[in-house]
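Labels run A, B and C following the written order; every chain starts at residue 1.
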C-alpha cells in the first residue's frame, strides 16, 4: 500500500475495484477478464457496440449476474457474494439504473421509492415518505408522486428510477444505457438529472451512447468490445485520438449517429 | 297458500341445514385449493426441471379427469389401499386437489407475466429473496391471477353439489331427500337452484368488488 | 407373498374384463357430448348475436338466461328438469335425452360468451363495409361477421368440449349408462374400485386429447391464409 504525500488515502484509493471479471454462457464467453476501478466522485463511461458485454459487466458488478471469476472490493473491503447478508448489504450501497427502468408496476412513484427504504433500510413510514418525496423533488417529479408507472412517460419513469436508487444513499451508481429506451425528446430531462449527480460528486459508471454528454463530463472513457476493454483514457483522447483502430471506427460512427448535441 | 306453507315449514329449514354443510365444504376447499394452486403454480415457474415435470403431470391429470371420477376414486377407491375417508373429507380432498390444479394455471400465467427486469431491480436495491416475493412478485401475481382464480372459486361453489354423489349430504343432497319424500320435485329443486344462484351471485359481486378495489391505473394493460 | 403376486393380475383382469363394457359407455358419453355441443352451438350463436346487436329488452332476457344456466349447478339442473319440469309437463323423456338437453342449454350459455367475445373482437369496419354494400343486418352478420367469429372461436370451443365431456360424467346421477355409470356398476360387483376408476379416468383423458386434437385439425382446415387476429 502506497500512500502518496499530501493526498489523503481515501481519495487516492479506488472506492470500487473490480478485477478480472469473467462470464460465459454455455460456449459463448461474454466477459473475458475485465478490470475497472473508480475513485470517489469520478464518472467513467463505458462505450462500445451492443453485445460487447457492457450490460453484463455492469450487472456483474452488483452480482445480478454472478461472474464465473473475478473479485470486487468496495472501499477496500472484499465482497463475498456467497454470503447472503453481505451481498444484500453491498447491493444497497451500489445503485443501479436500468435501460428499461424496471419500476415496480403495482406501486405508485413515491411507493416505488419508499418500498426499499421501509423494507430494506427499515426506516419508519413517515421519514421514508419524506425522504421519497425529497428524492422526487430532486428529479423534478414531486407533482407526480401518486402516478403509477403506466401513467408516466419514459423519461419520467427513468427519473423515478434514479430517485429510487438515490434514496438508498448509494456509494456508487451503475447506469446501464439509461437513455437508450427513450424517445429523443425525453433524453434531455434524464441527462440533466444525471448531470446534477455529477455536479454533486456522485461516483458513477455509466454505459451510454451519448457522446456529447460523455465528452463534457466523463473522467475516463472505457471502450469495450467482445468481452474486453480495448482502450481507456480521457474523453478527448479516446474520442479524437484513439490508439486502437476499432475504437476510432466506433467513435466516428457513434459521433455521426448521436452527434455533438447532448 | 299451501305451497307457501310447505316452502316455509319444509323446504327452507332443510335447505338452510344443507347450506351450512355446503359452506363447510366450500370454505376449506377454496382455501386449500388456493394454497395448492399458488404452490404448484410457483413450482411450475420457478421450480427445477423435475419439480416442474411432476407439477405439470399433476395439473394435466386433475384437469383432464372428471371431478366425479376423482371423488369416486377418493371415496370408493382409497379404502382398497386401506385409507378410509368420510364422505365429507373425501369431498374436501377432491375439491381441493381439483381446484388447486386449475388455480395453478392462473397463478402460473400471472407469474410469467411479471417482467423479469423488476426482479433485477429489486435485487439491485438489496431485497432479500423473501422480500422480493412478498413485495414485488405476490402483489402483482395475485392481482393478475385474481380474475381467473375468482372464476374458479365460483365453479367450486357449483361443483360442491357433486359431494352429494359420494353421499355427503349438503345443499343438493338435502334437496334430493326432501323432494323424494314429498314428490314436490319442481318446487324443491327450483328453490335449491335459487340458493345456488344467490351464493354464486354474492361471491361474484364480492370478487368483482375486490378486483375493483385492487385495480391500479394502467396495470392490467401492460403485459 | 403369494397374495400380492396374484392380487396384481386380479386387478388387471378385472379392468380387462370390464373394458369392452366401459368402452361401450364411451359411445354413450360421446353421444351426450355431441348432442349437447350441437344444441350449445345452435343456441349459443343467436344468444351471442342477440347480446351484441339486440335491443336492450332482448339483451336483458338473454342476460337472465345466461345468468341462470351459468349459476345453477349441473346436478341441480339435471334433477330439476328430469324429475321436476318434464314430469310436471307430462313429457316423458329418457334420461339420455334430458342429459343432452340440459348439458346443451348450459353449453349454449357458455358458448354464447365465446362467440360474443369473438364478435366483439372483430374490427368495426367489417360490419360497416357490409352495410355500405347494402347488406341487411341479418346478411351482414350471417355472411361477414359469423364466418370470421366462428373461426376465431375454435380454440375456446375445444376448451368447452373438454368441459362438457367432463360434465357428462355427472349425468350418471340420472342413470345414463355412460362411462362413469358403467364403471361404478362394475366396481360395486367386482370390488376393484381403484383400478377401474383409474381406467375410467384414462378413457376420459384419451377422449379429451382426441377431441382437442380433432378440433385443432379443423382449425387448420378452415384457416384463411394470412388471416391473423390480435
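Please note the rule applied: contacts are C-beta pairs under 8 Å (C-beta built on N, C-alpha and C of every residue); 3 or more make two chains touch, one makes a residue touch a chain.
Please read all numbers here as calculations on a predicted model, not as lab measurements.
Taken chain by chain, the contacts run in an open path, each chain touching the next and the two ends left apart. Chains B-C form the pair joined by the most contacting C-beta pairs.
With centres taken as mean Cα positions, subunit B sits 47 Å from subunit A. Between the Cα centres of subunit B and subunit C there is a gap of 21 Å. Subunit C has its Cα centroid 57 Å from the Cα centroid of subunit A.
In subunit C, no residue touches two or more other chains. The residues of subunit C lying in touch with subunit B in their complex are 67-68, 70-77, 79-80, 83-85, 87-88, 162, 165-170, 172-173, 180, 183-184, 187, 191-194, 197-198, 200-201, 204-205, 208.
Across the interface of their complex, subunit B is touched by residues 59, 62, 64, 84, 88-92, 94-96, 98, 100-106, 115-116, 119-120, 147-151, 161, 164-165, 168 of subunit A.
The residues of subunit B lying in touch with subunit A in their complex are 115, 117-118, 120-128, 131, 135-136, 139-140, 143, 216-219, 221-222.
Remark: subunit B residues 60-61, 64-70, 72-73, 76-81, 158-162, 164-165, 172, 175-176, 179, 185-190, 192-193, 196-197, 200-201 touch subunit C in the complex.
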